[in-house]
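Right after this note come the structures.
In the two complexes that follow, subunit A is the common piece, with subunit B as its partner first and subunit C second.
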Partner chain A sequence: MRAEPAHPPAPGAAAGPSWRRWLLRYEVLLLLVLVVEWLLFYHFGTSVNRRGVTVGFGTLDRQFDILRHSCEIGLLALALTPVILTGGIDLSVGSLLGLCAVVFGGLTHALGLPLPVAAALTLVVGAVAGGLNAGLICQLRLPPLIVTLGTYSLFRGLAEAFTRGSVTYSDFPAGFLVLGQGRWGGLPVQAWLFLAVAVSVWIWIHRTVAGRACRVIGFAPEGARFAGIGVRGQLTAAYVAAGVIAALAALIYTSRLGQAKADAGLGYELFAITAVVLGGTSIFGGRGTVTGTLLGVAAIAVLKNGLATLPVVMRLNAAEELAGLLTGALLLAALAAGKLAERLRLSSVTG
Partner chain B sequence: MSERPLLAFRRITKSFGAVRALRGVDLEVRAGEVHALLGENGAGKSTLIKVATGAHAPDSGVIELAGETLERLDPALARRRGIACIYQQPALFPELSVAENLALRLEPAAGWRRVAWAERHRVALALLARIGAEIDPGREVGTLSMPEQQLVEIASAIGAGARVVIMDEPTASLTRREQERLFGIVNALRREGVAVIYISHRLEEILALADRVTVLRDGQSVASRLRAEVDEATLIRLMVGRDVAQLYPPSESAPGAVRLALRGLCCRSAGGRPVSFEVRAGEVYGLAGLVGAGRTELARTLFGLTPADAGELWIDGERVTIGSPQAAIAHGIAYVPEDRRRHGVVLELPIEQNVSLAAWRRLFPLGWLRRDRERSEAREFVRALAIRTPDTETATANLSGGNQQKVALARWLATRPRVLLLDEPTQGVDVGAKSEIHRLVRRFAAEGMAVVLISSDLPEILGMSDRIGVMRGGELAAELPGGAGATQVMSAALGQPVEGTAA
Partner chain C sequence: MNRWIREWSVVGVLALLLAYLAWRAPAFFQLQPLLSLLAREAPSLVVACGVAMVIIVRQIDISVGSQFSVCSVIAGLLAAAGWPLAAVVPVAVLIGGSLGLVNGLLVAWLGLPSIVVTLATLVALRQCLNLVRQGEFVNLPERIQWLGLSQSQGQWLLVGGAVGLVAVLAWGLRHLAAGRWLYAVGSDAEAARLAGIRPRAVTLGTFVLMGALTGIAAMMNVVQSPQVQPLTGSGLELKAIAAAVVGGVAISGGRGTVWGVLAGLLLLACISPAMVHLHIDAYWEKAIQGLIILAAVMVEGLRRRRNHAR
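Now for the complex of A and B:
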C-alpha cells in the first residue's frame, strides 16, 4: 500500500480567464521582450549620416544581416529542441558544423565532386555523426552529456586533422554563394531554408506522435517503455536529425563566408542551448515549444546585432563583450520571470 | 488521557489549483492517545499531514498546539515545537551512519566545533535502546532495511522530544513480526504521553491500536469517534459515505475459447523458469504467490519488456513471438504495471494524453495527432470508469491514487486488448475505488478479455478469480479452482502440500 499522492500544483492545471492565461504564457512574455528590445534599438541605434542616408539598426540591410547571422545558430537551436525535450543534450553540434564544413570543402576542392553531390554527402556525414551519438547513447546507455562531450572534441579534432589545422577552402562558385549571400523572394536565401526546417521541426514536435514521444521520454523514460514507445528509435531520430540539421547549417555557413575552415561554428552549441533554454524548454526534458526556441534565437540575435549599432557601444568598441553579458542577464531574468508568471497563473485561480 | 487537546486543527482549508484538497477539517488530538486518521485516497490525509508539519501553509483555519495558536508554521518550527512525522519512505541520508543521521536532526547546527564521535554514538545507542531497536549506530543507513530505517526515524523523533508523532502508513512494508514490534513502540509512546496520529489503510490495525478515529472524506472530517463506538463496517461506511454492497462482484459470464496459452514460456536470461497455463476469454485468472515468486517477472516477459527466449506463446490459437512492448500491443496484450507512479501513468501529462499513449496506432493514423479524437476518447473513459476530475486536460499528478490507477487502466483499454495483465491493480487504492476497479475487471472479462490478475491481496485473488495459479520460485506451483480457500493458496505459495485439490 502506498500513501495517497501529494497534489503538486502542475503548470497547465490552472483555469481562470483565458486572456490572462494567454498573457502569462512564457512565449508571450518572450515576444514582449523581443518587441521592446527591437524598439529600443530602433530608437537609439538608428541615425542619419552627413549625406542624409539612414544608417544603423533601422535599415532593411541591417535586419537582413541579423537574419543571416542568426540562421546557423537558429538551425542548431532547432536541432537541439527535440533532443532537449527527450531530456538529452547534444554538445557536439557546433563541432559537427565545423567537420561538415571542411568535409564539404574537401569533397568539392580535393575530390572535385559536383556541388549537389558534395552537399548531399555532407548531409549524410551529419546523419552518420548523429547516428554515432545515438548509438552510444541508446545501445551503450551512456549519458548524452558525456557522449556528446566526447564527440564534441572528436568532430572538431577530425576537422583539424582533415585540414592539418591550416587549410582553408575558398573559391566556391558563385552559384553556391547565393545560398548564404543572395536573396530570393525579397529575403535572404537561407531564411527560406531556415523557415522550412522550423516548420518541419514544429510539425514533428507539435503535430505528430513522434514529437509526443520525445516529450514522454523526457518526462518518464521508463514510463515511455512501459507504454510501448520505441524509446531507442525516437532518440535515434532526434540525434540523427540534429546531425543532419547541423550539416545543413555548415553548408549555409560555408556559403555565407565563402570559405570552409576547421574552426567553423566554434562555440555555437552554447549559443544554441542558451536560445533553447531562453525559449522556455526545460533542460530536464518534457516541456518546451518550437515557437519558444524561435523567439529565443531572435531575442539573442537582435540583442547581439543591435548593441553594435548603439553609438555608446561603438565608442567603447565592446559590442561582443556587452552582448555576452546581456545575453546571460536576459537568460537569467527570463527564467526568473517565467517562474513568477507560473505562480501568478496559479494564484489567478486560487486567489 | 487529558480532555484538553494537545494539537487541534480548526476549519483548515487548502486548495491546489482547481483541486480543493481540504475543505474545512477539524481534528483534535489529545496527549497520550493514538488517534487514527482514516480516509480514501484523495480524502486529504497527506495534505493534512503536510499542513501539520508546516510543509504546506493552510489557506485558512487555525492550528493550535497546547492551546496556543501556531502562526506561520514551517518545517523547522514544527520540529522545534515537537511535531514529528515518520514517513512511509524514511527521509534519511543513505551514505551517512545511523549516529550521524540522528546527530544531524538532534545536535544544534553550529558552524565550527569538534565532532564528539563518542558522545554521538552513545546518544544514538541510548535512543535506539529506548525503542527496543537492535541497530548498530555505526552502520550506514543505506545498508539498513526499510523497517530498520523507520526505527531510526522514530528514534530521532523521540530524541527531539516530540510531543506529537505522525505515522504515515508505517506498516506498509513491514513483516508481521516487525509490525508487532512497531505496535509495541506505539503503545510505549502512548504511555509516555505522546500524541500519535496514525494513518493506515488497514482497518484491523486501526481497530487494534487506536483510542480514537477521525474519518476524512472529500477534504472534510466527517466523523470523530472513540474506538469503542466503531467497528469495521461503520468505518468503511463513514469512509465511502455509503454501504459497500458486496465486496467482490460475481463472475458474469461463462468462459469461452482459450485466448492465452503459455507452453513452457520464460525468459532464461532474466532468470525466469518455464511456466505453462491457459486463460480463456471471459476468464479472470488470478496469479497468487509471495512477493518475489516471479509473477511480475512473468508479466514483463508476456509484455515483451524482458522477451521470452524459451517456450511458446499462443493467442487465440495462433503462435506469436513477443519481442517488445510494441509487439505485445500489436497482438492485443495490455499490461497495467505494478508501479503506477513510475510506469503506469506519466504524471506530468494531462489525463487525455495518458489515455491515448498506448493507442496511438488506432487513434492517430499515419502518426498525425488528432486532439479531437484524443479528447473524446478520454472523455468517454472518464465517464465509463468514473474518473473524478474537472476535465481531461488536468495533469494526472493532480488526481488521487485510485483515479490515477483508473487512468492507467483507461490507457490499456484504449488499445482494445484481448489479453489484460493487471499487476497489483488495487495497491494503494482506497476502499471505494478498489471495489469500483473490481467491478470494472469483471466487466472487461464479460466483454471477452482474458484477464490475468496478479495480486498480493489474498482476499482479492480469492474473490475475483475464476481460477487461481499459485507461483513459487518462478514456477507455477499449483492451479486451483476459483472457490479455493485461503489456506490452500497459502500452502501452495509456501510449498506445502495442498489438501483436497490436485495441482
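Now for the complex of A and C:
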C-alpha cells in the first residue's frame, strides 16, 4: 500500500527524510497507540470463555469476538468517511440501521419473502433513505446536520411505528444466521463483508477521481463547482452509499443477534463519528483517510473489549463505562495534539 | 412582519394545531393536564433557549443531555444529604456552568470544532456518571418536591419561572450589548473582531451560560419527581436542537430568537398529547417530529432559493 499524502503538505512540513515524515503521519501514531493498547491487554488481561475456562485476551477466539462485535459500527464508520470528507455529516445512519433491520424482519416474517429477495429489498430501502438525505441536502441545499437530525428522528420513528414499539422479529433460518455467527475460511463471515466494503471505499476515496472530488468539495465547495466537479452528483453518491452500507450493517446486526427490533443500532452514529474523527478525518471535510477510520474503529473496539478482560475492571464491572470515558478523552487528546502540532508547525515556519 | 415570517409561520402552525384540537378534542384544554404538560416541558424549554444561543454564535453543543444528568444526580445527592434547597440550586448552576466552561475553553481557546468537543464530553460525562453511580436512582427527600409547595402551586411556579427566564433571555438578546455580540460573532467572527468585540470571550461566555441554564433546567426537573433517574436527559440535546431549528434559529449562525424557540418547543411538545386526544397511534410520535424538523428546514431552504432568484 503506497503511502499517499492525505492532504497537501503544509509549507515547512516537507522537510526531513521521507521515513521521518512517514513516522509522523497521524495513522502511524494511531497504529502505535493501537499496538500499545493491544500489548497491555495481552499482558494484563484474562477472561472467562463460555465453558467457564479462563482464556487470555490474546487468544484467537477473543480476537474474532472483537471483530464480530465491531463490524456494524465499523461499517457505519466506513459509510460516514466519504460523507465527512465532503464536509457533511450523517446523524441518521444508526436510525437507518434500526429501520432496515425492522424492514427486513417484516419482509421475511410478515410478507414471507425469500431471504435473498428480502435482503436485496432492504438494501434498496437503505439506498432510498440515503437518497432522501441526499435530495434534501443537494437539491434544496439544506445543512446536512439538520437534515440528518430530522431523518434520525424520522427513520427511528418509522421503525417504531412499523413494529408498534413492541414486535420483535426472531426465528430466522439457520442459513441466514451464518452471516453473523458463522465462519468462512477461518474468519467470521461478516469480517469478509467488512473487508470487501473497506477495500471498495478505500479504492473509491484514494484511487478514483470521484474520491478526489469528495475531498475537493470538503475543502472548498464553491471552488469545486468552478473546477467543473459535479458537486450534487458526488454528494448524492456519498449519502446513498452511506444508506446502502447502513442497510448492510442492519442485515449483519440482525443475523448476529438473531432478532430484529426497532431499537437496533441506537446511538451507533455517535460511536461511528467518534471512530472517524479519531481516525484523523477532519470534521470540516477535505482531509482524512480510510486507513485512519479503520484504525480508529480498531482502537475503540480493542479498548472496549480489552478493558473487559482486566481483572480490576471485571471486579468493578465497569468495562463499558471506562471504555466510553477513555474514548472521549482519547478523542479530545487527539484533537488537541493535532491543533498544537499545527501551531508548532506554523510558528516554525514564521519563526 | 416579513422579517419574522419564519417565527410567525411556526406560531401559525401551532395555532392551527390548537384550533383543530379545540374542534375535535376539547378535552385537551383541561387546565390540570395542560399545566402538567407545560411544567414537564419547562426544563426542555430552558435548555433549548441555551442551545439556541450557542447555535446563534455558530457553535453547537450536543453534550447538554449529559450535563443535565450530571447536574440532576449531584443536586439529588446533595438534597438527599440534607442540604437545603437554597444551597442546592446555586451548586447545580455552578456545576452546569463549570461543565460549560470546559466545553467553552476547548472550543474558544484551543479552537477545536464544537461538534467534536461536545461529542466527546457527551460520551465522557455520561460514562463517568454511569461509572460512579452504576445506574442507581437517587431518592429525594419529600421537602424538595415541588419546592415544598403543593403540586399545582409548584407547577405554576415552574412554568412561571421558565417563562420569566425566557423573557429575560429574549430581552437580553434583543436589547443588551452582550446579546447583540452573539449575533455579531455568529454572523461573522472576523468582522465582529474588527468591530472591537472579542469573539473568543463571547463564545466562551455563551458556553458557560448554556451550562448554567442546564443546571437551572436540571433543578426544574429534579423537583418534579420523587427520584432522580440517572438516565434523565439522554436525548435532550437532539430535542433542544430540534426545537431551536423548528423555531427559526439558523444553524449557520447569526439568526434566531428566543420566542421562536418557545413556539418551536411548544409545537414539538404538543404532538404527543395531541396524538393521544386524536386517537392516533402513539408510536408515530418520533416520525412526526422528524417530519416537522424536515418541513421546517425545507421551508427555510425554499424561501432562501426564492430570495436568490429574485
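Keep in mind that, in the parts below, the second predicted complex is superposed on the first by the 314 of 351 C-alpha atoms of A that agree within 3 Å, B and C clash if a C-alpha of one lies under 4 Å from a C-alpha of the other, contacts with A are read in each partner's own complex, and residues count from 1 in each chain.
Keep in mind that, in the parts below, a contact is a pair of C-beta atoms (placed from the backbone, for glycine too) under 8 Å apart; a residue touches a chain by one contact, two chains touch by 3 or more.
Quick caveat: nothing in here was measured; it's all calculated off a predicted structure.
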| item | value |
| --- | --- |
| Which of subunit B and subunit C A:T208 touches, first, second, both or neither | first |
| Contacts of A:A318 with subunit B and subunit C, given as first, second, both or neither | second |
| Which superposed partner A:V36 touches (first subunit B, second subunit C, both, neither) | neither |
| Touched partner set for A:G286, first subunit B, second subunit C, both or neither | first |
| Contacts of A:A196 with subunit B and subunit C, given as first, second, both or neither | neither |
| Subunit B versus subunit C as contact partner of A:F219, first or second or both or neither | first |
| Subunit A residues contacted in one complex by subunit B, in the other by subunit C | none |
| Residues of subunit A touching subunit B in the complex | 1-15, 206-212, 215-216, 219-220, 222-230, 286-287, 346, 349-350 |
| Subunit A partner contacts - residues on subunit B that touch it in the complex | 15-19, 21, 41-43, 45-47, 50, 59, 87-88, 168-169, 172, 199, 201-202, 305, 324-326, 328-329, 335, 337, 341-350, 353, 357-358, 360, 364, 367-369, 390, 393-395, 397-401, 404, 411, 427-428, 430 |
| Contacting residues of subunit C [partner subunit A, same complex] | 60, 106, 110-113, 115-117, 119-124, 126-128, 130-131, 134, 238, 241-242, 245, 251-252, 281, 283-291, 293-294, 297-298, 300-302, 304-305 |
| Touching residues (chain side subunit A, partner subunit C) in the complex | 89, 136, 140-143, 145-147, 149-158, 160-161, 163-165, 270, 273-274, 277, 283-284, 317-318, 320-325, 327-329, 331-332, 335-336, 339 |
